Structure formats: structure tokens, C-alpha cells
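Residue numbering begins at 1 within each chain, and the chains themselves are lettered A, B and C in the order written.
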Amino acid sequence: MAKEGAPEKLIIDGKRLDGRDFETFRKFDLSVHVLKRSNGSGTFAFGNTRAIAGVQGPRELHPKFLQDPRNAVLRCRYMMAPFSTSDRIRPGHSRRGTEISKVTTDAFMSVLCPEDFPKTGIDVFIQILEADASTRCAGINAASLALADAAVPMKDLIASCSVGKVEGHIVTDLNGPEDMYGDVDFAVSMIGDTDKVVHLQMDGVITRDELSRMLIMAHKGCSEVYKNMKAALKAKYSSNVEGE
Amino acid sequence: MTGQNYIKKIFSEGKRLDNRKMDEFRKVSVETGILSNAEGSAKIKFGDTELLVGIKMDVLTPFPDTPNEGVLMVESEFVPFASPEFELGPPCEQAVELARVVDRGIRECKAVDVEKLCIEAGEKVWAVHIDINIINHDGNLIDAASIGAIAALLNTKIPKYDAEKGKVIRELGEQLPLKDAPIELTVFKIGDTLFMDPTIEEEDEMEARITMAITQDGNISAIQKGGTGYFTSTEIETAADMIIAKSKDLRSFLK
Amino acid sequence: MTSTENSEILVKEKQLVTPGDTLAKGLDYLPSAGCYRENTEIKAKLMGLTRIKDRFIGVIPLSGVYVPKPGDGIIAKVKDMQSTIWILDINSPYDSILPLSEAVSDYVDISKTDISVYYDVGDVVYAKVLNVTKSKSVQLTMNDYRARKLVDGRMMKVTPSKVPRLIGKEGSMIELIKSKTGCQIIVGQNGLVWLKGENEPLAAKAIEMVEDFAHVEGLTDKVTKMLESG
């Protein structure tokens, strides 16, 4: 049963409403080291979904009882700017924001080397500036760039993307209408281009067989995101090496 | 008080602290209708893990984009008597995550027939509040909470609504209509070992966990990975198979 | 560099790498700062430039906070004190302490003297890191010919990993800036820079230029040109 406002069809003749193939991403836009008062920063966009992240730290952690004498404490906070969605979001805590913050922190803990900075805190602030689905994935990617830019020791970058099921077809990188009116939204993050899943959330109903296929698409998608993130990091500093 | 390395060691040898098999659950007990002021309720025990789920219904204006649908809300309270790790105050991250994971398990397969909860389109609908109260935390709260939520929903009777006076009358009427009864279970990982229903000592050492809800048809609705470790795709598929198999056993505990 | 059949190094010196990049294969090579070993591979755990020395492969970050090392000469600011120690901010996630015995060589009767007469909150000093414990407790000393209170002047911050570039080979870069601007300039290993003299803004501009273009070839010429044009 169609939801109010749903387009009649989301897939026409094997192409999505915005003209993409099933496995094609929206346009990537990445930048590194954009916030001067943060230790490291980055932005990441999938089409009209845009996230910015800044790292403060490693720095002294307060209150003191939160300090871990052997390790750094990582805290990622995800929030959406009030103007990021078409209806304004009231600023402040939200349960969704709290949950996404937790799964984001857990994802980065899998690659962090916290023993290199005992007793410190590393705070990552992620803000979604424009939301058109796959926001938590854009947030995680922006945070990866920011942590690398801040020289926070990590075994690898974390790459994130969404996969979905729309009118029976499995597709990569859901946009707003596909997320809202489609059947399944599967947000996944992996260590680099490996097959190690550090974050996975799925809404919707899939068969056991579809699970296998979506995991394969997810791995391909995350690998492509990873390639773009490495290139953006290297491009930022390579240009310095060559000249102005 | 068992040391961290001890648990990693025994798991790598395929053993657990209490000699259970890796996919074996502790003693499960489900009692329903035990809270006299709730429209539906359940008390769940998995070994020493104990929690209460209470369902309260009231009448609200619907959300603007779903004027014909009732509202489902899941919240959870981690009261400090359940564990010395819990603190007083607004729900901690763990409590928020638990509530949202249980919510997703129920919502995504449309278990609660929200269209049948419309009283007056655009004006008044029933809201179903599912509140999860942890009594004792000895591991595996998500599984216990989701079974508890479904057991409580199966036990819920809709109160009467006096439209003229705009009041809810706490007399129990019909069974809350359900379209599915998903069973949501979690697989945990220590080293390369995948297992289920940990005690708190086992859970404190877990590296990663993955929760999936299984519908009556055996499909997967809602997946949430937690913990700071990782799963390979193969491990995720193995976990799916473990959860699908186990969901059949646990379904027998529901009415 | 010798290598067995199975070992190979995959990067050049001063190559830009990102976390997760494989730098070498085989057990002949060893990870140094900024790298880790995963099975038989050496990988980067920071974004930065590779540094290869004998069999050690490390990565020098292009950014990052200051991690104190014994022997470092640093600029520190007093933030608090107790009866016989000062606590100083060293532009690091870790605070440092300076015990009275490491700051004043004469006997001090603390029942009669408040140690703020030597260094008070807000004072800036050039000191040496005496030792750093495993849990990152940092102890400073003023027992060094360069150690002293720095009075007046201007403070700036640069990325700690760029300090070698700011100092230059045998001090060439910093001497260039000092001579062209008539300023005393003291560079701490912790990234804090103190300057005082005739043309402080010009000196500051030069220091910012080194910060922004630290790994550009021909930086010295670039800075010279800028300083000469005032």
C-alpha cells in the first residue's frame, strides 16, 4: 500500500528515478582539513546528503573519573543541523542521535589504537548539514577523514555506505525517496576495503538469500567509498608536496 | 570476578563458563498478565536476567504523515538496582539502543497492525507504549526485552474509549491486533567463536554482537550490529542461520 | 638494505601514506612510530610521510598533538602550583610538573617563601623535559643552559611535527627568519614558538608560511623571497 506522497514507481526500465544504475553512487564530494580550530576535520557528501566532522583531541579528558589510565577514550557525537531536513529539526538530544553516536563510536573503536594516548579523550563531532538519506554513512565517512587529518592513530579508515531494496531490486546508496518509500534500508561500515563489518543496521524485511546479496553489494560499495577517501586525503597533502 | 584472559581462553577451546553449548539458552521463563494496571504485561527470565515489560495504551493525535495509523513507542529504563553499572538520570546510550532495537524488530515487520488502531482519521488514534524495565542484568538484555515485548503484546487488550468525553476507560476490550510475532535474538562473538545468551561475565568480554529479528515466515526484519569488534560476511551469515534456527525454539515460549 | 626473498618494501622515503596502507611485506622490516605489524605486513596507522631508517619504517604525521619525550626543549606556561611544585601547560594532552628542586638551585625555606616569587601562574618558560613515565606523567627541569623565563614577546603555535622544518638543517631556517626580522625566536619541540624583536608581524608571517608549506620543495627560497619583500 503506497504511502502518502509516494511516487508511482521508484524504478523505471532498470533505472532509478535520478537516472542511476543499481550499483551507482550519487556524486561524491569530499574535503579534508576545513576547520581551523579542530585538530582534524573532513566533509563527505553522497549527492545532497552532506556531513561535516571535526576532531578535538587527543586532549585532557574531564571529568577525571572518565579517564582510562591505559587508553584514550573515544566519543563520537552525531547530530543533525536544524536546517538539514525540509521540516526543521528541533536542536538538542534525540534518541536517534544517541543511538547513531553509539554505533559510530563502536565502529571506530575497532580500528583505533587507544593505547597510544592513555588518559586522553578524543572527541569527534559529526553534523549533518543536508539530509537526503544515508546520513549516518556520510557522517562516518566524514569522521574517518577527520580522524586521519587529526593524526589519531588508526589501523585503517572506516568506509560506510547504504544498500537498499526498492521494488524488489537491491540498490546501492539510497536517496531520500528510496529510503522513505522503498522496502529496506541497510547501512553498513567496513574496515577499509576488507570484508570486516564494524557497523550494520537494517530496517525492513529481507529473505536469508537477500542478506547474502546485500552483504556483497555492501562490500563493493564500501570499497569504492574507501578508494575515494584515500584519494582525497592524499590529494590534500600531495598538492603541497609539488608546489603551491 | 573471572579474569578477561580466562574467558577468552575457554571460548577459544569451545567451552563456556557454565558448560552450555554455544547456542544453548539458559532457563527461559515467560509469564504474562502479571501487572494489574497495565493493558498488557510480561515478566521474562533468562537465567538470572530478569525484566518486566508493561504496555500502556492511550489516545493521541496521529503523526501528520500517517493520519490513519496508531502510534508505537518503545522505551527502556535501566534502574540502578539491576546493576552497579547503571546510573540514575536520563536513559544512557545502552538503554536508548536497546529500546530502538526492540522497536525496530516490532515495527519493521509491521507486527502491530497500526491501521486497526485508528479511532478517527487525522484526529485520534491509539498509542501503544511498550516500557521495558530491567530488574536484574545478568546478560543478554536485548533478547529478553524483545521476547518480553512480543509476549506482552500478545497479552494486550485495548481499553475502551469514550469519544464524547474524550477519555480512556480502563476496561479491557479486545486483543490488540497483531500481524506478526517477530523473535529477535543476538549472536555474540569472542575471538572466532559465535555464541548466544551470554551471562554478564561472558557479555562483558564480548567483542561484537549482531541482533536480528525473525518473522513468522522465517524472514529477517531489522538487523543491528553492536560492540567494538567486527564480523566478516561469512560470520554474519552463520549468525543469521543460528538465529533463524533458535527463533523456532523460543517461539514455543509465546502463547 | 638487505632483503630476503619474501621481504619487500613497498614505499619510497617521504612518501605520503594513509592509515591502512601496506608499507612493507616480510619479517625483515620492523614498525617504528606511526606503523604497526599485521601478520607479515607493516602498515601505516597515521596519515603522513614515510621515514625509512635501516630496517625500521615509520610514518611522521603531518598534524597531531605533542607527545612529550625526555630531552625535548619546550615552551611551557604555568597554570597552577602547590607548595613545592608548579604545574605547567605544555600544549599537549598531558600536563607537566616542575618540582622546586629542578627550578631553583639555592635552598628555599618553604615555610617562609611562596614559590610564586619564582614562577607565577601565567609565566612562560623555556624548559627541558626530564622524564615521562609510562602513564604519561611528565616532569620538567630548568636545569639546562637554555632554560629561562620568557618575558613579554609573542606566542605562536605550529604543528609539533613541523618543528624540525621550522628550525631547518642546523638551524638554517630559524636563523634566516631571525636575521631578516631582527627578532629573538625560541622554538619549542612542543610546537610553541616565542618571538620578540623589531618586526614581530613579519616573523609571524614567515612562521605561518613554514607551517602551511612544510613539505614543499624550495621552501627556504620561498620564505627568503617573502622576507625580503617585507
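Methods note: contacts are C-beta pairs under 8 Å (C-beta built on N, C-alpha and C of every residue); 3 or more make two chains touch, one makes a residue touch a chain.
Predicted, not measured: the structure shown is a model, and the values here were computed from it.
Steps from subunit A to subunit B, minimised over paths through touching chains, total 1.
Here A is the chain whose Cα centre lies closest to the centre of all protein Cα atoms. The most distant chain from subunit C is B, comparing centres defined as mean Cα coordinates.
If you average the CA atoms of subunit A and of subunit B, the two centres end up 27 Å from each other. We define each chain's centre as the mean of its Cα atoms; on that basis subunit B and subunit C are separated by 53 Å. Note on chain placement: the centre of subunit A and the centre of subunit C lie 34 Å apart, centres being C-alpha means.
For subunit A, residues touching at least two other chains, in rising order: 191.
Shared interface positions of subunit C, defined as residues touching 2 or more other chains, are absent.
Taken in their complex, subunit C has these residues touching subunit A: 16, 18-21, 34, 36, 38, 43, 45-48, 61-65, 67, 93-95, 135-136, 161, 212-217. Per the touch definition, subunit A reaches subunit B in the complex via residues 3-5, 95-96, 98-99, 101-103, 106, 109-110, 186, 190-191, 195-208, 211-212, 215-216, 219. Interface residues of subunit A facing subunit C in the complex, by the touch rule stated above, are 33, 39-40, 57-60, 69-70, 111, 113, 117-120, 148-157, 191-192, 230, 233-234, 237-238, 240-244.
Every residue of subunit B that touches subunit A in the complex is listed here, in rising order: 65-66, 91, 93-94, 96-97, 99-100, 104, 108-109, 210, 215, 218-233, 236-237, 240-241, 244.
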